[in-house]
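Next come two complexes, and both contain subunit A; in the first it sits with subunit B, in the second with subunit C.
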Partner chain A sequence: MAKELGKSVLKGENITKVFGYGKTRTEAVKQVNFDFHEGEVISIVGESGSGKTTIARMILGLIGITEGTLLFNGQPRDISNGRKKKEYWKNIQAVFQDPFSSFNIFNKIDDLLLDCINMTGGKHKSDKEKFDMMTEACSFVNLKYAELTNKYPFELSGGQMQRLMIARVFLLKPKILIADEPTSMVDACSRATILDMLLKLRDEINMTIIFITHDIGLAYYVSDSVYIMEHGKFVESGPAEDVIIHPQAAYTKRLISDVPKIYGEWDLSTV
Partner chain B sequence: MKHQLKQAFSSSKFVLGFVLFSIMLLLAIFYPIFSPFDPMEMVGSIFYPPGTYVSVSDTVQATYNGFNIDPSEAHLKAALSPENREKMKNWLVRFGGVNEADIDIEDTVALVDLWDAHYSSDNPQEGLLSSEKKSYSRLDKSLAKAKTGIKTALYTENSDGEMEESLIISDRDYVRVNDVANTVTLPLGADNFGADMLTKLTNSIRVSLQIGLVAGLIATLIGLTIGLLAGFLGGLVDNILTFLTNIFTVIPSFVILILIANSVGQAGRGPFVVAMIIGVTAWPWTARSVRSQVISLRNRDHVNLSKLSGHSLPHIILNDILPYVASYVVMALILQVSSGILAEAQLSMLGLGPSTTTTTTLGMMMNWAQQYTAHLSGAWWAFIPVILSVAIISFSLNLMNTGLDQIFNPQLRED
Partner chain C sequence: MGKVMLEVKELKTKYVTRFKEDVFAVDGVSLKIEEGKSLGVAGESGCGKSTLALSLMGYYFAPLHYISGDIIIDGNNISGMKPDDVRRKILGTEIAYIPQAAMNALNPTQKIIRFVEDVIHVHDKGMSKKDIYDMAVERFRILGLPPEVLQKHAVELSGGMKQRTVIAISTILSPKVLIADEPSSALDVTSQKMVIKMMRELMEKGFIKSMIFITHELPLLYNVTDDIVVMYAGQIVEKGTAKEMVFDPVHPYSKGLMGSIIVPEEGTRDVQLEAIPGTPPNLKHPPDGCRFAARCKYAKPECKVYEVPEKDFEDGRMYRCIYDVDYLKEVYGRNG
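And then the complex of A and B:
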C-alpha cells in the first residue's frame, strides 16, 4: 500500500488540550505532532481514554486547542467566526461512532441530504438536479433513494445509517474525512462494506481519511500510516507495515498481542 | 408526535389524570353558561345551606292535591327532639313501671304508644318539682296536637284592603314542587355574600386555571430560554445565567411573590397581573432542569453533525436541541401550571390575590370563607368544595405528569 505521499494537508505542532483547572485539571492530549498528506489513510490507534477522540474533535474545530498550531494546507487554521468555520467545514467532515445518535431523529433523511447540497453551493439548483444528486449519492452506498425519501433515520438499520453517513460525505466531497470508529457499532458484514466504501470514496476524490480506532488489525487493513496513542501522546508512528509488523514501543507490542486470534493460545501474560 | 400521544393514552395514570382534569375544565367552561345566576350576584344571604328553596307565598297559592298518607308519624318525628325522647324514657322508667330494656327511643311510634299507655298527669310523680310535672304535661299536649293534625287557615288581602279567610289547609294537602312558581336551587348553598356557591366555584375554577396556565407558560418560556442558552453556550454566558438562576432559587420565591404583589397594589391586580407575578418568580426550577438536559445533549453526535453541516446557532438550538427536550418541557409545563394554581391560592389566602370586586378565584373563596369563620358556623359548603377542587386539579395535573414521566423514562415503568 506504500505509495507516493501527496502534499501536506493537515499538520499539527505541539498540540495540547487541557480540560478543567485546579484539582480537576487533566491533560487529555500532550504536545503531539503529526503530518497528514493528501490522499493518505491515517489510523490513530489507542485504548479508551487515550485522547483519540479529543484529537479528532480538535481537528474538526468542535473544541478549542489549548496550545499549539494546526496548519491546514500550509496555513494556520482560522475558524474565529461563523463564516470561516462554515468554510472550514466544507473541507473537513466526519463519520461518527454511533449511527443511532448521529442523526437528528426529528429530521427526515431528505433534509439531511439537502443540507449537504445547499452547503456545497447547490442551493440554486433545480429540484430535478438535486434529486439526481441525492439518487447518485445513495446508489454510491448501495441504498435506494426512492426507499429513503420521506423516512426518518431511526427507521433504518445501524449499517444503513452508517452508509447514509457516507452518502452525506459523498455529496460534500471534503478534503479530509475523520472517521471516529465508524465500524465499532455495526456487524462484521456491514463493517467490510463500509470500509470498502470509504476507501473507494478516497480513491475517487483523493480525500485524506483519518481513521480513529482501537482495533489494530483494522488499522493495518486500511491505513497507509499509523499513529499509536497512549495517555495523550503518540508513542509510535510511521507506515503501517513498519509499525505493526515490526513494533518498537512496548505499548504497541501489547496492543498487537491483545488482538484475539482464532487459532492458538491467547497470550494473557501481557494483559 | 402522533405516536407519543398514543403512548400517553396507554398509561392508566395519564388517562385518569386527563379525565379528572377534563371534568374540571368542562365544568368550569359550561356550568356558568347554564347557571341562572351571575357568579358575583348576591342571591341569598350569608351561608344558606345547600338545597332547593321554594317560595312560601307561591306554595300556598298553588293547586292542592289531597294524599291519603297519615302525616302524623312525620309530625311526631319532627316534634320529638333527642332530649325529649330521653325525658320520656326517664318518666316511663320511674313512674310508668316499664322495663328500661323495653324502651327504644329511636322507634318513634313504639315510644309514643308506650307513652300513651302509661302517662297520666294524675300520676303522683313523687320526687318531681311542679315545673318538671308541667313540662311533661306540655310535652304530652304537643304530642296529642301532632297526632290529630293541624289545620291552617289562609288569609288573603281582598279588594278593600282587608284580610279575609279564604281557605283552610288540611295537613293532608300537598303541592307539587313544579307547580310552585318561584324556586331557587342552591346545590352547594350560598357563600358569605349570599352568592350561589356552585356558580361561583365553577367560575373560580375557570379563572384559577387561566391564571395557572398563563403563569405556567410564562415560567416555562423564561426557564426554557435561559436553560437553553446557558446549557448550549456554556462558558461565561452559562456562569452568568446560572448565577442569576441560583439567586432566584436561593431567595424564597414566595417572599418575592408577596413583595411584588404588595407593591402592585390592590387596584392594579387583575388575574393576569397575578399570573405574571407568579410566572416571573417560578422559572428557576425549569431553567435548571432544562440546562442540565441541554448540557447532556450538547456533545451528542447529532449536534456535532449539525454544526459540521454549517447550521447557525439559532438553527441548532431550535432544530437539534429543542425537539429533544420538548417532552421534558411539556412535563415541566404541567407541573408549573399546577404550582401556579397553588401559588394563586396561597397568595389569595393572604389577601394578595386579584382585586376582589371584579373576579373570583379559588384562593379568594377560601379567604372569604375563613374571614367569615365558615368553619366555626358549620358552613362546610363554603370551603370543602373549594379545597376539593384545588386538590383535584393539582392531583390530576400531577398524575398526568407522572404518567408522561413513565412514558418518556421507561426505567420508571412498573411492569
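And then the complex of A and C:
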C-alpha cells in the first residue's frame, strides 16, 4: 500500500523518558525519533517492557517527557495548563487494551456519548440532533443505540465495550488515535471486526492511527509503517512490507520467526 | 490405525444456575483420539471450548453437572464417577489438565519440588522424597528446564518459565491424555514458542500419549495439532485434519473463522478480513434448527427449523450443515 504521505502531524525528536533516580534510575525510552503523517497507520511493535506504552503515554500527555521535543502540527506541543491540555486532547484520543476499565462505571452510556458531543462543541445542539449523532455513532460500530440507552458499561460484553470505545472516537473525530493493544483481550473474530472498523474510521475522517501492539501479524495487516522497539529504542522502522517481510535487524528477525506461520515452515529449533 | 486413547460419545453437560435456567454448554459432543495424536479445538469465546475441557476430565463440581454420554480413556469408562474417585484415580495418571493461567496456580510460599511431591503422593504414598527428587530432576532435564528450578519459589521464575514448570509438574506421572486450555495465550511470542516446543517434546518422548489443545489462535493450532475440530454453541460443527481445516473449510462458520486469520507472511496483507457478524447464541435457550443460522450468510428458512445431523464425507471429515459439500465449495469459489 504505497500511498502518498500527508503532512506531518506528530514528530518526536530525541525523546527520552527516565523513571526514578539514583539506583532505581531506568531509561524506559532512549532518544527515539519518529515522524507520523496525516492519515497514516503506524504500528509500534515490541515485547512487554520494551517501552512502547511509555511512548504512547508521553504522546497522550499523561506523563511528562524527560528530554526531547514533540512537535504537533509543526509546533512544539504545549500542555502547560489545564485548558491547553483539554485543547490538545480534542485532537488526540486513545483506545486502551482493557475495555472493562476504560469507562467510568458510574456513568450511563448515554452520558458517556453525550460527553463526547459536548466536548467537541456540540453543547448547544438540540436534543434531537444529539440523539441522531449518538444513533449514528452506534450504528457505525454495529451497535443499536436503543439497546444501550439507560445501561451501564458493565452490562455489555467485552467486544461490545471495545466497539463503544470506537463509537466515542467516531463522535470526537480526533486527528490522532492511539490504540494501545486494542485487540489483545478479544478473540480472533472480534479482532477482525474491530480492525475493520478502525480502518473504516481512518478513511472517513483521515486520522492518524498509532497501534501499540505485540502482535506482528496485526501490525503487518493494518499499518503503512512499522516501528520495532527493543529496550526503549527503535531497532528498525520503515514501510510494513519492508520491515516484516524483509527484516534487517537481528531482533526483528527473531521476533518474526517466533510467530506461528501457516504458509511457510515454523521453525521450532531456534528457541 | 493406532490404539484409541480417548473416546467421547454424545457427551452432554450443563451449568445449573439459580432460577432453574440451565446452560447447555456442551451438547452432544463426540470425539476420538488415537495414541500419539493431538486434537485442536477452535471456536469463539463463549462457544463451550473450556467447558468441554472441564467436562472431559470427568471432574464435575457445581455449577457444572454431567447429564449423559460416555468418556472412555484407554478402554476405561470414567463417566459418572464420583469427583473424589476421579481426583485419586484419574487426574494426573490418566488425564492432566492445564488451564490458561496455570502459572498463577503455584503457591508462592512453597518450593517447586513440593508441588511435585504433592502430585505424586496423591497416587503413590510410599515414594520417598529422594526418589521423587531424582525423578523430577531427570524429567526437567529432558524437557529442557534447568533442575535448579525445583529448589526455587514461584516468584523467582518468569511467566514463561512458570508456565513450563506447571506443564512439567502436571505431566510428571505420564498421563494418557493432556488437556491444554489456552496454555500460551497469556505469554509473549517467544515464551509461547518455548511452551509449544515443550509440548511437542512431551508427545515425541511419549510422556503423554495424546493431547487436546484448546485455543482461538488458529495459526498456532495449525502448527501444533494433527486434527482440528471447530466448536459452535456447544456442538462440533466441523472436523478434519489441520491442513484441510485451515485451507479448505466446509462449514460456513469454520470458513468465517479461517477468514479472520492474520499472519505476518508475504501476500496476506491484501486479503480482506472476514468477520462474522453478531455474537454466539445464548445457550440457556439454544435456537431451533442450525445454531449458526442467525449469523450465516447462506442461511435459508429451513435452516432455522430442522436440526442438522453430523454428516460424514471423504475419510474422517465431518460437518454439520444442510448444504452439500459441493454446493458450499461452489459458493465459496464464487465469493472468492
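As a working rule, the second predicted complex is superposed on the first by the 262 of 271 C-alpha atoms of A that agree within 3 Å, B and C clash if a C-alpha of one lies under 4 Å from a C-alpha of the other, contacts with A are read in each partner's own complex, and residues count from 1 in each chain.
We adopt the following convention: a residue touches a chain if its C-beta (ideal position, glycine included) is under 8 Å from a C-beta of that chain, and two chains touch if they have at least 3 such contacts.
All figures in this text were calculated on a predicted structure; none of them were measured in a lab.
Participant: Following superposition onto subunit A, is the placement of subunit B relative to subunit C best described as a clash or a fit?
Facilitator: fit
Participant: Determine, under the contact definition given at the top, whether A:Gly64 touches first (subunit B), second (subunit C), both, or neither.
Facilitator: In the superposed model, A:Gly64 contacts neither subunit B nor subunit C.
Participant: First (subunit B), second (subunit C), both or neither: which does A:Gly121 touch?
Facilitator: Neither: A:Gly121 stays clear of subunit B and subunit C.
Participant: Using the touch definition from the top, say if A:Asn104 reaches subunit B (first), subunit C (second), both or neither.
Facilitator: A:Asn104 sits against subunit B, while subunit C stays out of touch.
Participant: Between subunit B and subunit C, whom does A:Gly22 touch in the aligned arrangement: first, second, both, or neither?
Facilitator: After superposition on chain A, A:Gly22 lies in contact with neither partner.
Participant: So which one touches more of the residues on subunit A, subunit B or subunit C?
Facilitator: Of subunit B and subunit C, more residues of subunit A lie in contact with C.
Participant: Could you look at A:Trp89 and tell me whether it touches subunit B, subunit C, both or neither (first, second, both, neither)?
Facilitator: In the superposed model, A:Trp89 contacts subunit B only, not subunit C.
Participant: Once you lay one complex on the other using chain A, what is the shortest C-alpha distance from subunit B to subunit C, in Å?
Facilitator: Closest C-alpha pair between subunit B and subunit C: 13 Å.
Participant: Show me the residue ranges of subunit A that touch subunit C in the complex, using the header's touch definition.
Facilitator: Those residues of subunit A that touch subunit C are 1, 47-48, 142, 157, 159, 186-193, 195-196, 214-221, 240-241, 244-245, 254-256, 258-264, 266, 268, 271.
Participant: Going by the contact rule set out above, which residues of subunit C touch subunit A in the complex?
Facilitator: Residue positions touching the partner: 44-45, 188-190, 192-194, 196-197, 200, 216-220, 222-223, 246, 256-257, 259-269, 273-277, 279.
Participant: Please give the residue numbers of subunit B that touch subunit A in the complex, ascending.
Facilitator: Touching subunit A: residues 300-302, 304-313, 319-320, 323-324 of subunit B.
Participant: Which of the residues in subunit A come into contact with subunit B in the complex?
Facilitator: 57, 60, 62, 82, 85-86, 89-90, 93-94, 96-98, 101-107, 115-116, 119
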